[in-house]
Amino acid sequence: MKKLILSAAALALSAGMALAASHSTIRMGTEGAYPPYNFINDKGEVDGFERELGDELCKRAKLKCTWVTNEWDSIIPNLVSGNYDTIMAGMSITPERDEVIDFTQAYTQPDPSAYMALSDSVDITGGVIAAQTNTIQAGFVAQSGATLVEFATPEETIAAVRNGEADAVLADKSYLAPIAAEDSSLVLLAKEELIGGGVGMGLRESDGELKAKFNAAIQSMKDDGTLNALIAKWLPDSAPF
Amino acid sequence: MSCWDTIQAYALRSIGIGERLLPKSDFTLCQQFTLIGSGLMWNIYFGVLALTFGFFLANAMALAKASKNPWLNRPANWFILVFRGSPLFIQFFLAYFIFLRIKQSGALPWLTSAQAGALIVLMLNTAAYSAEIFYGALRSVPKGEVEAADAYGMTGWSRFIRVIWPTSMRLAWPAYTNEAIFLFHATTLVFFSGFPAWQQRGDALYYANYFADKTFNPFIAYPIVGLYFIALTLAITSIFGLINRRLNRHLPREKRPRLRFRPQYIR
Amino acid sequence: MSPSGGRTIFSYCTDPETLGRLAWASCYLTTGKHMGLYWSFLTVLALLAITAPTALLFGFGGAVAARSHFFASRWFGRFYISVVRGVPDIIFFMFFVIAIDQGLEWARHQILCPDWTEPIRQGNDFRVCPAAKLPLSSAPQWVHEVYGFFTAVLTFSIVFGAFAANVLFGAMQAVPQGQLETGAAYGMSRRQTFWRILVPQMWVYALPGLSNLWMILIKATPLLFLLGVEDIVYWARELGGSKTARFSDYPHGDWRLWYFLGLLVFYLVFTKISEALLERLMRRLSRGQATLGATV
């Protein structure tokens, strides 16, 4: 379970914040628990790929932005309810989500989902696969023949593999890769699953103007190569545009 | 798919019988009621079993606490302090950690499943709360009844089992009813903290959470859980009321203590 | 809530990898993130301090309504008490905050923007006029935080107010009839009897139930993170989770066990202190009262 949160977090203001208060602030909602996309750094601030990208997008769109964290479970209900204006939380663009909210164009290529296990030889079709509750990976495993075991947080899914509760964990490759790189007992399997689309910024369907601004900003970062530079810095395993 | 088909497919889904895949789109109210109701079976499972086992443990703990022997009353006091003084949420988390360690050492692998592990935590938790209730009741047994038992020549075990214990149960019953209700409410925490759900078999809150996530609307699924629990609470109150009537059947009608749902104990 | 930002307390903390164990620990425990944890203890205590009297107020209102002679308010009072108490508190926590927020914004919208023509519900979106937003989107972050804290207090108060109403309802019934009749004999009106006799006398009967309620309230605080308040459980999970060297200067394994053990100790100590204080309060209140507690 990932639960509701409205965001009480004081999560630091973006660099371009000292501008005059002529324009109201755009509140950027994120989860803050999904490195390298977004996480809370040692200082207690939102950090990661989406923080850096979002600040740059706001600068290009000449918007004043502030970051707030919200639990994953209620991140969409709180957006449509107006508690913040955008979602940048490693959220893949899916048809179901697209029915409820709008997405900008994707700012990452579709990220494959990878399996991480204690050895190469685990049986991912008949074994026990851990996934975070209410993720596209959990939905995928539920449909495959494997036995799904769901945990509330990504942290717990990794712990389940380490302590033998699950044979493997299925999650976004860019989330698993840094963990596997530092822990020699964990390996990424060769088999990958293409489940979600690319990651995009979520907005309310009635916020067409804001969506156009961010779309233009993303396009300009794609055009001048700065987006690829950010992807290379934070998501080395992900394909550039 | 008609509502009857939905019920056939999903009514027993929480114990693994019926349709393997949960509904993915076009969610109907019928699906939500059926699956959440299906999950309610686990809430009842945890509630009934934890209450049954906890009842015996609580009686033992209450006696130990009332005992003058420090080897008995000290551990009982600590047990009650730890389980009454900390949130169930944290107890679940720590227990799952400990159960994992035990499993890794090669013993008792079934402890990490919610069916066994969470049941043990709930049982210990309710035992601690009930022990405090029973202990209070033991101390308020009227002296006159004990003296009457003495006058009949009863001593020791027979005095306890035939006079003191039945009276203390009568005194404790209203508060114990509340404890039972709160225990059932507490079962919603099982899959919410600590214990993982296997193959999407969870309790009522688990399925409500699933629907709230898929429909992006918290205002339908959670109130359904609420409705189910109101019904469950009513059922518990009437069952405990029947037992209460039986416990007090020797009293004239107007003297029988009425059961009142008072929030004396919770976690 | 507000961590101390980018500063480190100790000057030697710039390169933690090179430090000895003690110095490392002193740096680790003073990161901005840990300040968030320490701050959250204060948040929880402040929330308890504000929620307790607010819930009592709700409870008093509920109890008075449930005793009322008007059918509608009696029905409302009893409905509030029995429905809220029949449902696990966690269920309310799952959707109340959004409901309260939307309710307040809707009401403000009706008052502040009577000329607004667009519908509030646009498909899935809930849109009120900018002036009705709570807090205003131009408001600084701390206003948003205070507002989040306020909705959490309100949710807790509504839920625990029902429990308090039940206790107070029982306590009002328990005040001996003779005391009330004495009031009437002195020529007091119903209202005077209520405020001058019933209310002062009921507390001694209510206190045991209210003490229990306070204990219950303490033990419900681990669910605060559901209400959007970054409480101690949120930070314990965040800090205890394993950290890789790529994203933190203080990489470590899964330390959640230690953080949760810390929380366990906090709650045990807090419960113990509360018990002792309530015991003293009970003894003072029972002085001069015709109850068993006073004769002991």
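Note that the chains take the letters A, B and C in the order they are written out, and that residue 1 is the start of every chain.
Note that in this section a contact is a pair of C-beta atoms (placed from the backbone, for glycine too) under 8 Å apart; a residue touches a chain by one contact, two chains touch by 3 or more.
For clarity, every value in this text was computed on a predicted model and none was experimentally measured.
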| request: Farthest from chain A by Cα centre, which chain is it? Let me know. | output: B
| query | Which pair, A-B or A-C, has more C-beta contacts? | reply | A-C
| request: When you average C-alpha coordinates per chain, which one falls nearest the overall C-alpha average? Tell me, please. | output: C
| Separation of chain B from chain C, taking each centre as the mean of its C-alpha atoms, in whole Å | 24
| task | Measure off the straight-line distance from the CA centroid of chain A to the CA centroid of chain B, and report it in whole Å. | result | 38
| query | If you average the CA atoms of chain A and of chain C, how far apart do the two points sit, in angstrom? | reply | 31
| Of all residues in chain B, which are in touch with two or more distinct other chains? | 192, 209, 212, 216, 218
| request: Give me the residues of chain A that touch two or more other chains. | output: 4, 74, 77, 80, 100
| task | Would you mind listing the residues of chain C that make contact with two or more other chains? | result | 94-95, 98, 124, 256
| note | Given the complex, residues on chain C that touch chain B span 82-83, 85-92, 94-95, 98-99, 124, 163, 166-167, 170, 208-209, 212-213, 215-216, 218-223, 233, 256-257, 260-261, 263-264, 267-268, 271-272
| Footprint of chain C on chain B - complex, ascending | 81-82, 84-90, 93-94, 97, 185-186, 188-189, 192, 205, 208-209, 212, 216, 218-219, 222-223, 225-226, 229-230, 233-234, 260-267
| Of all residues in chain B, those that touch chain A in their complex | 21-22, 24-25, 100, 103-104, 112, 191-193, 196-200, 206, 209-210, 212-214, 216-218
| remark: In the complex, chain C touches chain A at residues 1-6, 31-33, 35-36, 93-95, 97-98, 101-102, 105, 122-128, 130, 133, 136-138, 141-142, 144-145, 148-149, 151, 225-230, 237-238, 241-242, 244-251, 254, 256
| Contact footprint of chain B on chain A as seen in their complex | 1, 4, 73-74, 76-77, 80, 96-97, 100, 130, 133-134, 139, 142-143, 147-152, 156, 160, 163-165
